[in-house]
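Structure record follows, encoded as structure tokens.
Per-chain numbering from 1; labels A, B, C, D and E assigned in written order.
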């Protein structure tokens, strides 16, 4: 399978499948189950295809003459595409029970789901600002709608409103920034911009700096960094659980994928101008997120707030990126993966036990779960431990990389600060465990009806553990080392 | 080779019998008292026989018994061997410790007859002998310390033997804690000694050989600390407080542990370290004064005590004070000699007291036991002899030992010590005969509840004989003796020039004074109820308020400190501040959540503020760079 | 010179009408003044030969989107009494304006200080439908396709959300 | 001329931002967003004219398309919100947020 | 597979399997007994095969995360041998004693898990592995307190957990920091203790790294002023958890000082030693005095443990061969005694339903065997001769006098401190008249005797024949002090 083929086949399949479901949705043969499985199968197939692009270093512009070098397919994008598809697949698979119990997953919801994945795929490959923006908008708009999918719910509509309004607002900053860069460079291609930066002094880069600043603000909005991420709690609360999981885990990664590409291709002024800002942002984000997380009484909102903290950790790694060889760049990919799998699991468990209601899962709702549904409880515990960065989970290895890279770049206080935030996070993550096991239940029993969801929750939990301790010495299954190498390849392909 | 085995058997016999009794007792299969008796007596009897043999051989053949058991510790230079060694001093100790123990064992079989804790009692008792032997036979101070602490521990267990009454166990606690304060000094001294010269080995011989390597201040410190240990064990001022309370234990315990053996360990230890104290002469003097003060103080307090055993306890403190006075001026063998006689007569007195207590249904207050001469005539005679002995009436044994001490004090440069000793000696006569006259010379008010047990009388009889004749062992030249004990022990005694005329003069004055006091006591107490009219308040009756003082300056502040530490510092200061940090973080979170007010326009406003701040930063940065 | 005068006039019109738009109480007034802004922006397009965009701006913005807004206003039958009260509107406007001032000033400052090329190339064909079309289909084919998908997404999304429940 | 265009577009952009934050009427907010996009377009056209390349035109064409798709979503938003509450006041949609905690 | 790996992973794997398998709790108990007995036998084999030399033995090394040079590296030397041995001995014995009490699966599974974790900490020679086990062993305790604890258990287990993890995270940063410094100096990542030894740090760096580690250890031990989690946690925790915490985990904190700090930051440890000696001495006295007014049995034991562990810290930081050996010996001795005491406290609660010292009493009359053992272990804590504690205290005091005479005197107060509360406690609990709570106090049952007798014999054996135990520690201790200047601060 040639790389060009993969680069074309994956988005094309997603698109085709989306349009197929859209049309199929009108026919009387359509049923929610069928739509669901078509989507699932599509994601599986595309994942299988895209995974072929991972593992060795390659990089090529896709049809440079036709597409005018606007998209690049390299190991970096292949890795991320595989991640999104896996994430989409897992979040959908775990959501099976939720989807079955609700009535607002109309055919269009699967269509939009696939479209959003399509947008992310293109976003990762995009090597040009406007293309990236449109791809981002495709993904965002699909997600906007998915957030407001439950039209019965006032909360969902309100979340849709806030997300759409603020999203459009932030998008206009991107455009303004792009305009400024275009005014300076006369091009929006990332490679050309990089070259321009290399060849000119700071005097001729003023607008690029300003423009990058504006683009950064959009990105910060998307990853919900304080103070741009005020929406995140409301929107996560309003959206239905599978969508929240999808947003928190997958969508955030796609934004990071783009920002890493931007950072590593336009590296010079990033360090100069943005490192202090990102450090400041990381600190504020971690403080803000943990402040919000400690006071929440609902698990979902706590997870939402904690996802802000995790953005903070990723920003530590962003600040620590010095060049392609620094471990920070692969650290961030590993961390993204670790957060992604843990968050999908955590939200997935919530959606599994929420029985399709849009009721907030409060901490008290978890009481006695450890006794009544031990498997679910253990899985949730594992995800919580991973999010908290407890050793022997993948979350710990992720944090380990992040902190190491920060120290390596000379930001030891920042790593210390991250550790302190991680320490605070113990409180709210372990609170979940306390409620799971130590509180008397009012006898709510979860039905083990949907084996598919359960199976995938357990698989995620296993990945979390394996990612924390796995070595290829035992069973010859790739462990941490392999993941590490993959992220290294991905990064190295950016300068290939 | 056989000698080593003898030593081992001497040590292990009581341990074995203790273990066997313990196992029988704990398994609760055998409740037959005879079996316990047999085991207990065979253990202590065996060791008593061996002890006599060893001292005999030691005296007549100057034989040294050494038995190396095993290496206790070996770290670098620090080697502690568990070695038993019976030199002259140890043999001398064995000479009275083992037989007296055996006798008191016999006595105890009667005293403890039918007691439900019979087995437990003899477990402890035999264990005690084991530790005492370990103390005496140990070849290095660390192992001696093991024995030293061990006897303290058993003493604790035995004082609180009747634990149904929690006050008894508190008395035990007090004994152990006060003893440990002394041990603190002892252990510190040993450690300092080791730090200074331990690298050359830590047996007594090695220590004394290297003693010159230590500079004088350090040596004085070590000597002083060692004496702190002796103070605790031998109940000297200010660590005497436990001994009167220790009378809560069964009377054989008081007789054995708190009169004859354990409390003399301090004397033994100071004598053992005689080479050290000879160098540290200022500390020696200090010891002498502490001993003098203790002797006088205890004698005074004893004059206002009503409990038989407490009177005897204070008397013990007083007598130990005499011994320390002797030690302090350097007359080691004289001190040991007094210790030797003291073991017999004090054992006897305690046994008598015990016999009375048993006979009169566990009454101990002399005010309730008046005029019992006719009820217990044998005990009366033996008690009378004991009291005469302690009063140093010639030719009873204490006459020789005590007058030897007085003479030495007189001959030394410290006449003040001599007068203290004289005064104490007179007080001794007074309080002893106060007790005797009240007990035996007044109208009979009390009837015995049971006749004395035979097995209690025999050992008393033997001890009576011993207390009469033990003085012969160290007969001074003036009476045709040759100080055979002193020459056997061959300690580094200081010699004082002291004419025979002076000696005789002293003895006579002393005896006359004693008789005078005796007469005074007779006038005051015999066939009168003076005792009932004595005031129970006042300085002396309240033991100079020393216990209250301890309570006030040590115990109460400690509890207050405990409260302060636990509540104020740990809880109020540290824990509360940690908890409030967490709480405040939550409060801060609530405050911060105020910004998350759900209004989308505010969210946009925050974005704007972030944007503007970012641009201001950018502007300043670019301005700085360009 | 003429251009400058025209530009100034149009700029003033655009800014004033924009200000009116954001400060008018009734949305219908805002919409109408927004049309003025859009048209003046379109005219500014025309000033730099962007003829095609001029047309597109007029048709799509002023024509389609604004009509849609007006239609919505009518359709939802929003009455004056349903409008938010906005007691503190002016205060908000003032505060926000002051807040945003540093941003605008700094950005304008940067633009003025930057060394972007001025009037380097003169292209007669620029902005014609042919030129734009050629550029679009030769260089920007991918974004173009993506935009079509974006529109599809928006379409599907809005239908999904606003259709009546069956 | 180019800089003048850009400055004008910055001014328009700022006005848009002001309107977006200050107004409670969602329709006006929406129009402010459209104004933001227009402001960007204005500059893009000017830059394009300046470098003599139609890329800027194409970009602004795309942005208009993006604006159109946003418009579509906003239209449905109006409908959804109005159905729920009968009003288009941004302030009344605040049941989410941290007030209940 | 290396014997050490089996020792670490057999319990962990068994625990995981038992969690997923639904079998009756009695079967689990049996499996628990079998597994812990196997571990005990294996460690016995280890002990027999152990050579009395200072270097690491039974080493095993595998690559784990190769990019960062993180290895699975385990091995045993004289210091860790003690911890391993007592862990292996205590776990089955504790289980025998608790056999009838606990009919919950989780109890046994967690105990198995924590055993593996503790073994892991004791045997790890790679800092990341060390950290991994260090954290992992926390989790079962957290769960046990939450599941089976008493009182305000949820709050307390959270507090304990958060408190401890705070320390761990500080340690993590320190670990990462030195690893990065190593990378800078040697251009390769490693977390191996023996390699990191070669690192050269500036004084400031060393102090910072040292503090990071020390916070973690100080909280775990705990030393003043990081102790406030202690008494509440011990009060709330179920017997098994308390034993693990007091007898094993707290000791690991002290062990880690030697294993990590003395290996990596030798000079810094020397430089700051006097602060920690001061803190340790203060803690020794402070905790002892605090314990005096406690009326809750377990709280009192908790503070007593803290007091002794402060002594261990003093012993380590005087950095003298006697001190090191004494402290190591005290670690083991105190572990056994305190485990037995907490075990008996648990039995006491089971029988009388109270931990309140004042409402107990008279047990000696109704339950002589219980009293015997209780008093014995309490006295062994006080350090009476012929018990293991005595040997340890003598050695530490000796080391202290060797270091400085004043420190020596303060350290020697240890023989006074524990008595302040222990004797009164013994009197009130065992002696006097039987109270309502203790009227029907049942004497020790057979299985409890089976558990306690070996512990008592061990305490005695260690007290009477210390040399047989110490000769395993000695070479290692000597290797840490030989060639180093003995510091005399006069």
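As a convention for this text, a contact is a pair of C-beta atoms (placed from the backbone, for glycine too) under 8 Å apart; a residue touches a chain by one contact, two chains touch by 3 or more.
The model shown is predicted, which means the values in this text are computed figures rather than measured ones.
With contact taken as defined at the outset, chain A and chain D are each touched by B, C.
Averaging Cα atoms per chain gives one point for each, and the point farthest from that of chain B is the centre of C. Should one ask which of A-B and C-D has more C-beta pairs in contact, the pair is C-D. With centres computed from Cα atoms alone, the innermost chain of the structure is E. The geometric centre of chain B is 36 Å away from that of chain E, both derived from CA atoms.
Put simply, the C-alpha centre of chain B and that of chain D have 96 angstrom between them. Distance between chain A and chain E, defined via averaged C-alpha coordinates, is recorded as 43 Å. Here the CA centre of chain B is 103 Å from the CA centre of chain C. Counting partners per residue, chain B has 582, 590, 593, 596, 598, 600, 604-605, 608-609, 611, 615, 618, 622 as the residues that reach two or more other chains.
In chain C, 96, 100, 103, 107, 110-111, 116-117, 139-140, 143, 147, 150, 153-154, 157-159, 161 are the positions where the chain touches two or more neighbouring chains simultaneously.
In chain E, the residues that reach two or more other chains under the touch definition are 162. All chain pairs that touch, listed by label, are A-B, A-C, A-D, A-E, B-C, B-D, B-E, C-D. Interface of chain B with chain E (complex): residues 26, 70-76, 78, 142, 145-147, 149-150, 153, 156, 160, 163-166, 168-170, 172-173, 176-177, 180-181, 183-184, 187-188, 191-192, 194-195, 558-559, 561-563, 565-566, 569-571, 574-575, 578-579, 582.
Against chain A, the residues of chain B that register as touching in their complex are 582, 585-586, 588-590, 592-593, 595-596, 598, 600, 602-604, 606-607, 609-611, 614-615, 617-618, 621-622, 625-626. By the touch criterion stated above, chain B contacts chain C in their complex at residues 605, 608-609, 611-612, 615-616, 618-619, 622.
Within the complex formed with chain D, the residues of chain C that make contact are 3-4, 7, 11, 14-15, 18-19, 21-24, 27, 30-31, 34, 37-38, 41, 44-45, 48-50, 52-53, 56-57, 60-61, 64-65, 68-69, 72-73, 76, 78, 82-84, 86, 89, 92-93, 95-97, 100, 103-104, 107-108, 111-112, 116-123, 126-127, 131-132, 134-136, 139-140, 143-144, 147, 150-151, 153-155, 157-159, 161-162. The part of chain E that touches chain A in the complex is made up of residues 19, 62-68, 72, 128, 131-132, 134-136, 139, 142-143, 146-147, 153-154, 157-158, 161-162, 165-166, 169-170, 172-173, 176-177, 179-180, 183.
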